[in-house]
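Following this line, the structures themselves.
Okay, so chain A shows up in both of these, paired with chain B first and chain C after.
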Partner chain A sequence: MARYIAQRLVLMVITLFVIVSVSFFVLHSMPGSFINDPRMPKEVKKAIEDKYHLNEPLIVQYGYFLKDFVRLDFGISIALQPKVNVNKILATKIPVSMQVNIFSLILSIPVGIILGIWAALKKNKIPDHVISILIIAFISIPSFVFASLLQYFIAFKLGWFPIVVTTEQTLTWSKFVSMVLPILALSFGSIAGIARYTRAELCEALNSEYMLLAKSKGLTQVQATTRHAMRNSFIPLANIIIPMFTGIMGGSLVIEKIFSIPGMGSVMVEAINAKDYPVAMGVLFWYSLVGLLTILIVDLSYGIIDPRIRIGGRK
Partner chain B sequence: MKNRECILEVKDLYLTFNTYAGKVHAARGVNFSLNKGETLAIVGESGSGKSVTARAIMGLLPKNANIDKGEIIYKGRDLIKLSDREMTDIRGSDIAMIFQDPMSSLDPVMKIGRQITEALRIKQKVPAAEAKKKALRLMEAVGIDNVERRYNQYPFQFSGGMRQRIVIATALACDPEILICDEPTTALDVTVQAKILELIKEIQKERNLSVIFITHDLGVVANMEDRVAVMYAGKIIEYGTVDEIFKDPRHPYTMALLSAMPDLETDSSTELYAIPGAPPNLLHPPKGDAFAPRNRFAMRIDLEEEPPMFKVSDTHYAATWLLHEEAPTIDFDTFKQKTLEKRRKFKEKEKNNEESQKPILEVRNLKQYFTSGFGRRKLVVKAVDDISFDIYKGEIFGLVGESGCGKTTTGRSIIGLYEPTEGEIYFNGELISRGQKHKGSRKFTREISMIFQDPIASLNPRMTVKEIIGEGLKISKLYHEDEIMERVYKMLEIVGLSKEHANRYPHEFSGGQRQRIGIARALIVNPKLVIADEPISALDVSIQAQVLNLLNELKNEFDLTLLFIAHDLSVVKYFSDRIGVMYNGKLVEIADADELYRNPLHPYTKSLLSAIPIPNPDYERTRKHIHYDPSIHDYSEEEPKMVEVKQGHFVYGSASEIKEYTKSLEIYS
Partner chain C sequence: MKRFLLLLVIATLLCSTLAGCGNKDVDSEVGSQEVADELDEAKENEPVVYRTTGSKTVTLNPHIYQTTAESDTMSYIFGNLLAIVYDEETENYKFIGDHAVDLPTRNEDGTVWTFKLREGLKWDDGTPLNARDYEYSYKMLMDPKLKNSRGPQVFDADVVVVNAKKYWDGECEWEDVGIKALDDYTLEITLEFPVPEVDFYLTFTGGGATSPVQEKVYEAGMNEDRTETNYGTSKETTPSSGAYKLEEWIRDQMKVYVKNEYSPIKDIYTVDRVESRVVEDENTRVQLFENNDIDAVGLSGANYDKYAEDPRLVFSKSTTVWSMFINMASEDKPFLRDVNFRKALFYAMDRKTIAEDIFKTAKPAPYVVSSFKIAVPSKGLTYRETEAAKSVLPQNDGYDLELAKEYFDKAYEAYGKKMEVEIQYFDNSENMKRVAELLEQDYENLFGADRIDIQLRAVPWNNAYDNMEEGKYDLGFGGWAGGVFNPWSSMEVYTQGFTSKIDQFKSDEFDELYRRTVKGDLIFKEQERIEALAKMEKILLDEVPFVPMYEPEGASMYHDRIELITKGKYLPGVGFGTLQSHFAPLE
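Up next is the complex of A and B:
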């Protein structure tokens, strides 16, 4: 096992290096400059660009970048928040996004699973049809439509919740209340995804022969379902739930815009638009790292959940 | 007759399934009773309603099934009227059931110990330690060793036969009185099947269980004692004791079924008796006797009115108008005679001129290894490990062995689906085992073709029948479109289908018809050699005979050579001229079919022969299954090899073993 993880980690480092290198060259080959003030004298512009080594050959710039990169230092932002360290910018933005996303996950995993189980048990009956219609609606209607509707009716018309999220950094009750609507808007999609998947997996497990044997042993439908069908149907569920955790850091561009959340959602796009190379590189790196780690965790989790992989691989 | 207490009674059970096409009448008035401590075997082909009846007893019918009429009386209570909650008390503790596929009937992620004790712990509230003790005892009783360690293992760590033992232990955990076995050995190899059948019989005697044994295999039925009920089209058409059913069958269907199965004694020079037609579609159940359209002794009344149960003896009843006092008496002997007249004789098999003939296919030291992983974790599976054999022109070479012995791999290597790890394959004297890239391989792929086991999976569902059959001609680009069509139509007729079938899709056909399409596809390219990989094992008995006869006929007509791969030794014995027995990637014995049957030399061949269930109760009672233990061979000092001990009879063994084999051969003759 340890050997396997070590192997995977080495491969991960190589992958990361490739991702970062490719992104570096792609980002830097975009035309234009981060200074777009047309009145700025050419000499001044050149002086500023020289300061950031932007006029040197790309390969030299890449050398500078790598030197700092090994210390995980991405330098300072040049356009978005000039002269602030990139990692520091991210450190202020990520927690904000995380708060909203964690609550959204806490809400959507159990609700999604329960709806999925309910639909599977009542397959082809009214509850199943209702849930299936809701699932289709939640998946096909974009989250910003929900967000706008919630904001307009519940926050603006009824006034139950604040329209935008408060700017407090720490998590207080008032902050939580203001976050309820974006949490809801974010959750609908993942609830639908989880419910749909759970329903499909559980339906298959319910029709399996081991369920038949369990029932012929004298277990009731409920006992047989909870003891046998559920566990088997959760194995493939890990596949979609674990990646959701990686989404935590990301934040949603649209939802954060609508509710004025100062999170990660827009940083990447703004950084690229403003040609703020250090910020863009920093965001890309951290995202890739988390993404790769998630894939590793998913693969390892199969071994933990499924004895066939855990014990079978040991031979 | 009623000296034994009747424990379960099914009365006039009518069952329907709601499907998109309409109502399927799966059971149409099933009646039977089960006495305490006896075994009742229910035989029937797929779709005859046998499994559905069993599921109805357990109260485990699928959601789209309805019980329209009838009673299932157990201990004075009608099980149909009980609520699901009341049924859960009966399931497991009074009536238990085991299923066909042990691979999928155990929960893959739960330790087997927990699966066995589960019902005890939950329903009877037995404390954990006590439940474990009982489970260990049960595991020992079903023949699992190392129980303490095995108790904490998962199902995937057990072989198929072992899993079925665990399923049996699970079913017995709450001490039921009735055990329903739904095709418990169909998915297992013959040698494993023999062991499981022994086990069920043993347990039945020990615990005085009542067993309902559902199967399609008459050989297995003869092995189980007591009574037999034969089902056809949702009805029990005949029941009686084992001897009555096998020696004096009265219903023409029973007679036909008994004649359609080749056993080791069947004369291989005559065509098999094949029941014409196919079972009726139960969407629209026929009027009168459901078997009448396939019955050559049917009278007019058979088509008009349903026959009642006629009494033959106190224990033997049959539902056929032939037993009416005004009907002509047709017993098994007249049936055999009458059907025999119609059967064609094949021309005497030419033998002894094989030396003069050149082999059409030579396999020399073929090795086919599959590897996975690398470095220290490298895993080599020796699927085929150094085998050599010849196939002569015009013969049928049978290759038998259990699942996983490498017989299918051999077939695939010959046709070039795998590139051999080592060894050569010569076809008509030319080397063909160089893989696909080799120039001229096209020609060989046209001259060797293949028929597959599963007629459902091996036909592309999105292609019409004419596209499927014509594809082989199309890719060779030798024929014009019209020519191809002409040949497709001709081929369809040859295999017993008609021109109208050409534009349909595979799902519109029955299993037997699909296999005919598969045969047509294989033969349209005019092959010299056909590799038939278990072509009949997915088919019902009455259909098997049709396909075997067809293959035999086509073989003569097209002058084919066949490599017939199968696990069923009695079919192979009937069908082949020479047989090769494979075990664990090696050929252990090759001989003429009759010779192999009369004088088996290798202990594995003996074990295989002894394991085959024969539809003859007298034979079954005296049958002793010989267990094969591969560790008896000591090859540490002497290198084993294939030796010809008698003309055309090869055995694999070390020098001292060969000496013994030769000696026993002298005693035989």
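Up next is the complex of A and C:
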């Protein structure tokens, strides 16, 4: 197991390096400049770009980048928050998005699993049909539509919640109340995803022969379901639930905009649009790292959830 | 026991209710009157709060700021030598001394200007502020290592300070630059060529690049090789010197400004506290406005339609005239070089539909110089109000289909075959796409689809400008803003020497008129200068390197409790004068 993890970690470092390198060249090959003042004299623009080595050959710029990158220093932002260290920008933005995402996760996983189990147990009955319709609606309608509807009807028309998230920096009750609508808007899609997966896996497990065997050995339907069917059906669920945990650092572009949450949602897009290479590279690196770690954790989790699965085992 | 307790509670409630009923009529009337009076008094004494929304602020370093959101903030918290305010007597804008005692004096030929600063000026933290701080600030603005993007403001703008560019390039010493603090209260600025008073005033008016920076904070934030400073990146690194000080700044979320007790001009403003929230979604802003959470909101599209008849609507003006540029030097498509073809496009453009049906709040503009630009600053007279400007205006907003067909026939005859032409529009603008579609339809219908074929292409806005600069386009939308008080210097973008030129127009006569009106003999000759501008505009309208389309106006709505001091009129330099307006207390 340790050898397997070590191998995967080495592969991960190589993959990460490739991702970062390719991203560097792609981003720096995009036309345009981070200076968007069209009236700025050409020689002034060039002088400012020279300060950041942006007119030097790409390979030379890559050398400068690697020199700082080995210390995990992405430098300072040149457009999004000029003169502010990239890691500092991320360190202030990520917790804001995490705050909302954690609550969304806390809501999505149990509700999604419960609805999925309920639909599976009541397969082809009214609860199953109702849940399935809701799942289709939640999956097919984009979350920003829910966000807009919730904001308009629940916050604006009924006045039950604030229209935008409050500005308190710590988590107070009023802050939490103002976060309810974005949490709900973020959760609908996840709930639907988990419920659909759970229902499908559980339905298959409930029809398996080992369930018949369990019941013939004297277990009740509830015992057989909880002890055998659910455990087996949860293995594929790790595929979607674990990435949800690691994905809490990301933000939703549109939902954060609608509810005025100053989180990570727009950072990547804005950094690319503004040609803020240091920020774009910083975000890409950290997100790629989290993504690769997630894949590793998911793979390792199979063995933990079901000991019959041996990871990295040899004949 | 439970019943007993219940009875006890009911009895207690009854007793307290009855006890409160004694002398009800008299007491309650007197009491409510007193309470109302106290409330009114309390409301009168409450600070006046203006609640607004804005966009993200990327920096508050005055030497590198870029966006309107930043200049808005700087107008609150950064003072300058002069300020521009609304003058109730003249019902127009007025320049006053802010950190300077009064307006500057100048030598005879208008190249050396002297400011006298007030004594006892202070930053919001109590640190003294004087002429030497100004000199330090300008030195940093032009610092050759920092290479601040706002440096060109004193060497590539209306005002050109002696040797400023050389210092920025690292080719001379600071002592050679035409900015000197003669003593703690006297600042002398020497220019390379004389400029009209208003241009000089504006360079040193309001929060922005020429506002002072606090030396100790600027230096403390400097890196080892002195190429970067973290000045203006947080509340702690942003000292205030304006009428307001920054009380709170949560990045990308909100800012709070309160009156700066040390500001010499703070009493001009009626608002004590400004609360600005970052809300990027327009629908959310409108809901906040309707919910009485904010005091003003900008409207566009469907939100504008909803309030189109609302008496609270006011309109801000723009210095930009959006146009359709024509690659008049195209080698692939020689018909674009034919002025008859370009005139055909000019006269066949339905500007009214573009302005009123597509952009809703815009107005048709068959001219080059925006109707907001001032030609006679002393009277507040706009260029478009002058006789010279009226004389170059085409009739019927430049919409004449017969004339357009006449010109097109000539161009078609000269070219001899079907003309294929492409319009590039910004991919992020639905309205621009609609304009392109309308033009495609109108031109093909009028000139005949068998004679002209219009293709459309969506391009990111910055790439669109790059294409135009490089001449890799047929037709494309674009627009230049420019100083509201100096329509002449805005003409620089059409001269041959302009480095970021997006049109292909070249005229020695035009360049000479530009030189004479901006740096030459016409600077102080008011009428001749205006006539020269009209001549420049006429040259452009005759040559048609671009087809002017529309002039945007921004629709906004203010809460009932605000009585705008300008009575809804949008004035150069002061806008609606919101911070000087009368605010009824918040309910």
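Basically, the second predicted complex is superposed on the first by the 309 of 315 C-alpha atoms of A that agree within 3 Å, B and C clash if a C-alpha of one lies under 4 Å from a C-alpha of the other, contacts with A are read in each partner's own complex, and residues count from 1 in each chain.
The working rule: contacts are C-beta pairs under 8 Å (C-beta built on N, C-alpha and C of every residue); 3 or more make two chains touch, one makes a residue touch a chain.
Values in this document were obtained by computation on a predicted structure and should not be read as measured data.
Enquirer: State whether chain B and chain C clash or fit side by side on chain A once the two structures are superposed.
Expert: fit
Enquirer: Applying the touch criterion given at the start, work out whether A:232 contacts chain B, chain C, both or neither, answering first, second, both or neither.
Expert: In the superposition, A:232 contacts chain B only.
Enquirer: Scan A:308 for contacts with chain B and chain C and give back first, second, both or neither.
Expert: Touch status of A:308: first partner only.
Enquirer: Figure out whether A:41 sits in contact with chain B (first) or chain C (second), or with both, or with neither.
Expert: Second partner only, chain C.
Enquirer: Looking at A:223 after the superposition, I want to know if it touches chain B, chain C, both of them or none. Which is it: first, second, both, neither?
Expert: first
Enquirer: After the superposition, just quote the angle formed at chain A by chain B and chain C, using C-alpha centres and rounding to the nearest 10°.
Expert: Apex at chain A; the opening toward chain B and chain C is 150 degrees.
Enquirer: On the A-aligned overlay, A:213 touches which partner chain: chain B = first, chain C = second, or both, or neither?
Expert: first
Enquirer: Mind telling me which of the two, chain B or chain C, contacts the most residues of chain A?
Expert: C
Enquirer: In the superposed arrangement, does A:76 touch chain B (first), chain C (second), both or neither?
Expert: The answer is second: A:76 touches chain C but not chain B.
Enquirer: Which partner does A:258 contact after superposing on A: first (chain B), second (chain C), both, neither?
Expert: So A:258 only meets chain C here.
Enquirer: Please state the minimum Cα-Cα separation between chain B and chain C in the superposed model, rounded to the nearest whole Å.
Expert: 44
Enquirer: If you look only at chain C, which of its residues touch chain A in the complex?
Expert: So the residues of chain C touching chain A come out as 58-59, 61, 64, 66, 147, 149, 151-152, 156, 168-169, 221, 227-231, 233, 250-254, 277-281, 283-284, 287-288, 290-291, 293, 462-463, 465-466, 480, 493, 499-500, 502.
Enquirer: Spell out the residues on chain A that touch chain C in their complex, using ranges where they run on.
Expert: Going by the criterion above, the answer is residues 31-32, 35-44, 47-48, 51, 76, 79-84, 92, 148, 151-152, 155-156, 159, 163-164, 167, 169, 257-260, 262.
Enquirer: Contact residues on chain B for chain A in the complex?
Expert: That would be residues 58, 60, 84-85, 88-93, 96-99, 101, 104-110, 118-119, 122-123, 154, 156-157, 167, 170-171, 173-174 of chain B.
Enquirer: Show which residues of chain A lie in contact with chain B when the two form their complex.
Expert: Answer in residue numbers: 208-210, 212-221, 223, 227-228, 231-232, 235, 305-308, 311-312.
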